[in-house]
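Here come two complexes built around chain A, the first alongside chain B, the second alongside chain C.
For the complex of A and B:
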């Protein structure tokens, strides 16, 4: 069984001190230790942004691609080798802004991948512009009179789109978050975990203090049924003074792997491609 | 007897010109004739005017003629539209009653096409089979050949449908034997051979399958879509996953993920979709992840002519992508080259861990020819990854290890006992993000200079034909191969020769200098307005091309057009 040290990367961490990303990193590693698979059988893909650096800080296979494009390589790799455990680490700009179309369609695709969205409600790497989830009215150097666009509501959106596993975590509670990540990995199909995360440098509103006053754990309420889509939608839309974290929605769905049948065959990567006999295909052209 | 004939079937979109075109090609192949067939299609699903033109001969054909000897008009519009493009002594088959035409014309052969379809088949839909029968009678092909072709084409349909198709064709055949007694269009037939009948994109798709492509992702876009259709049709037999992407950005990034995971992968698109893929192309260069991308060119800018042809993406493909990285760009000129070069594209992409682009166009993609059976010994897979067995020993892996050739041994994730890091940021040998100036310099040399040097040593040699003693050398790339070949053969006394490039990047500079030295007059033949090939030759070799014959009306070159343009030169 792998231990924490097996997931230690020797790469130097380039996040700001106190960044919420550290809590997410710890949670990812803890979840992977509990998963019990060796690093070589795990793939982390990411786009660009602070969140996208995370795969470098875990010893796992890593595809750190383009801004907004964390999901398509994850989908391609999972189709090529369904034996890999595939996680995506992405941010609110990467996933909900630049890569929005891929989010919509990968929910429809429903491959067995787990998406962790570092949602700090601000653009960090480009130094403090509004992200799709920045609160209305928040003033930045670009949105000088405050954000006038409505913020995107990621959980309501992905529940509406039919994602089978929808959760919200908090970066400062890495124990709870690691549980969510492991549940997400064990869920068969597309899982999205939106992680509330303070940006100590650029987000002066949604701070640790601000969050700790508002957050509560939804799954501690025994009457909450995450399989009830309407209840989940209501729960996802809570905000302001009370912010629920936990598994908001969970339902079993047939995956891409089931429907396409690829999980009934060895992974494509194991195919011997030398000297493929195309004689039968050529007969159609004779 | 004639030794060649051009037949045009014209009508509205949705009238099935493509089906009858294929039926005709199969029929002619069956009786031992050689075929070149192309389509002229509007970007609409119903209405307008489309045609399929089929040229046949007892000698091999590579291109089209401007004028048709026989026109079959399936609607009124086609009569006036195509009457003007007929050879002298031609025949125009039409249905005067249905089209409400009362004029007389010496070329008309009036046939109650629609009445026969309705009376014998029970529906106007059988008008194609009536027309096929008429043509068979006019060209003097024995009917049993037609019955077999129709049975073969409608194999997946009910017996009743097959019978109705045969009956309507027979009625057409008998009608023409009775009402058209001249032998004017009878053809010398050749020997029947077991060869292939396909178009350029069939060949690309089959090449990809032979090369071991196991993942194909694309967003539909004319004229690239048939590649996806052919691979999807065969996907089950060859254990291939075809995934229609939400957009071209997803398509290229998905194949990058699949290729990273160890599976040979491809996507295809046309210029506009390729524009969306360009950032992904750069990612392939940066992460050194091999991919094969097809750009099926169509006239642009922007949406342009979606269903027509052009060769204006040459400059674009050799330069596409921000930053500097190695790539190869193939420009197959024939269906055979489309097959073999697709296999080569996969091998080369894997060997150098680079993107390899295949540039086709609507004309190559959708034109049919009968060709020799593929020689699979010349289309072999050469793998350039760390084998599964060798992988087991690897416990300390550097994805971007510096090497003499610039190519690092490529491990497949989960096969080795270590992990694989790749990054779109500048990275260390391990694949982690770096800001080091020294590493940066070495990585650029690795990804760009060293790999380009390697790729330059194995460039596909240009085809050189009839250069000795020729006064004029034509030069082209891609789909103009056929028209240059036939023009060269058609001009007497070997006055013309041609050079064709099936790879344009790395540019075969040394070969072109050797071929063009001491040549009196050089002319490029290009389906674009900027003479992009002529400019590229100047840039890469210093040779100033004397003239360029350019065509950018969205239509392909034909033999007669090029002959006429060369008249002044001879």
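For the complex of A and C:
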């Protein structure tokens, strides 16, 4: 069984002191320890942003690609090797902004991957511009009169799009967050965990103090049924003075692996390609 | 002596272990850490820790 030290990376961490990303990093490593698979069987993919640095800080397979493009390599890797545990670490800008189209269609695809969105409601890496989830009215160095657009509501959006596992965590509660991540990994299909995460440098509104006064754990209410889509949508709509965290929606659905049949065969990467003649196919291109 | 947990990253300061990264010897109580001591994981100061045991 792997231990915490097995996932320790030697890379120097380049986040601000007190950044919410640290709590997410702790939660990811705790979840991977509980998962029990060796680092060689785990892949983290990311795009660009502070969240996208996380795969460098975990010792396992890593693919750090283009801005907004954290999901395509995750999907490709999962199709080529369905035995791999694939996690995506992305931010509110990277996933809901630049990568929005990839998000929509990978929810449709329903591959068995887990997406962790570090949602600090700001573009941190590029020094504090409004992201898709920044609150209306929030003043930044670019939106000097305040953000004039309504924020995106990611959980409502992904429930409506048909994601089978939709959760929200909080970076300062790494024990609860690691449970959510493990549940997301063990869910067969596309899982999205939106993580509320203070940005101590550029978001002076949504602070640790601000969140700690508002969040509550939805799954502590035994009457809440995360399989009820309408109830989940209403729960995802809550905000302002009370913000639910936990598993908001969960339903099993047929995965891409099931529909395509790729999980009936050995992973593509294990197939013997020595005696395959692609000459006839290549002739079409010459 | 009590253990303390970082409220940001969940690092646990264990006085039995100390913190070799900042020259803190085993057996040093959290209360006796210098004010300049920072969480070795995420860099916050002592005010961001809570007592856990």
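Following the convention adopted for this analysis, the second predicted complex is superposed on the first by the 276 of 286 C-alpha atoms of A that agree within 3 Å, B and C clash if a C-alpha of one lies under 4 Å from a C-alpha of the other, contacts with A are read in each partner's own complex, and residues count from 1 in each chain.
As a convention for this text, a contact is a pair of C-beta atoms (placed from the backbone, for glycine too) under 8 Å apart; a residue touches a chain by one contact, two chains touch by 3 or more.
Everything numeric in this text was worked out from a predicted model, so none of it was measured.
Once the two complexes are laid over each other on the shared chain, residue contacts for A:18 go to chain C alone; chain B is not touched.
When both complexes are overlaid on chain A, the residue A:83 reaches chain B alone and has no touch with chain C.
Touch criterion met: A:65 reaches chain B, while chain C stays clear of it.
By the touch criterion stated above, A:122 is placed in contact with neither chain B nor chain C.
Within the superposed three-chain model, A:208 lies in touch with chain C and out of touch with chain B [touch as defined at top].
Looking at the shared chain after the overlay, A:218 reaches neither chain B nor chain C. Of the two partners, chain B and chain C, it is B that touches more residues of chain A. Interface of chain B with chain A (complex): residues 194-198, 202, 206, 209-212, 214-215, 217, 234, 237-239, 241, 243, 245-247, 249-265, 279-280, 283, 287, 373-374, 376, 380-381, 383, 412-414, 416-425, 430-433.
Here chain A touches chain B in the complex through residues 11, 14, 39-41, 43, 45, 48, 53, 55-56, 59-66, 69, 71-81, 83-84, 101-102, 104-105, 260, 262, 265, 268-269, 271, 273-276, 278, 280-282, 285-286, going by the rule given at the top.
Note for the complex: chain A touches chain C at residues 15-20, 22-23, 25-27, 171-172, 174-175, 208.
Partner chain A is touched in their complex by these residues of chain C: 7-11, 38-39, 41-44, 48.
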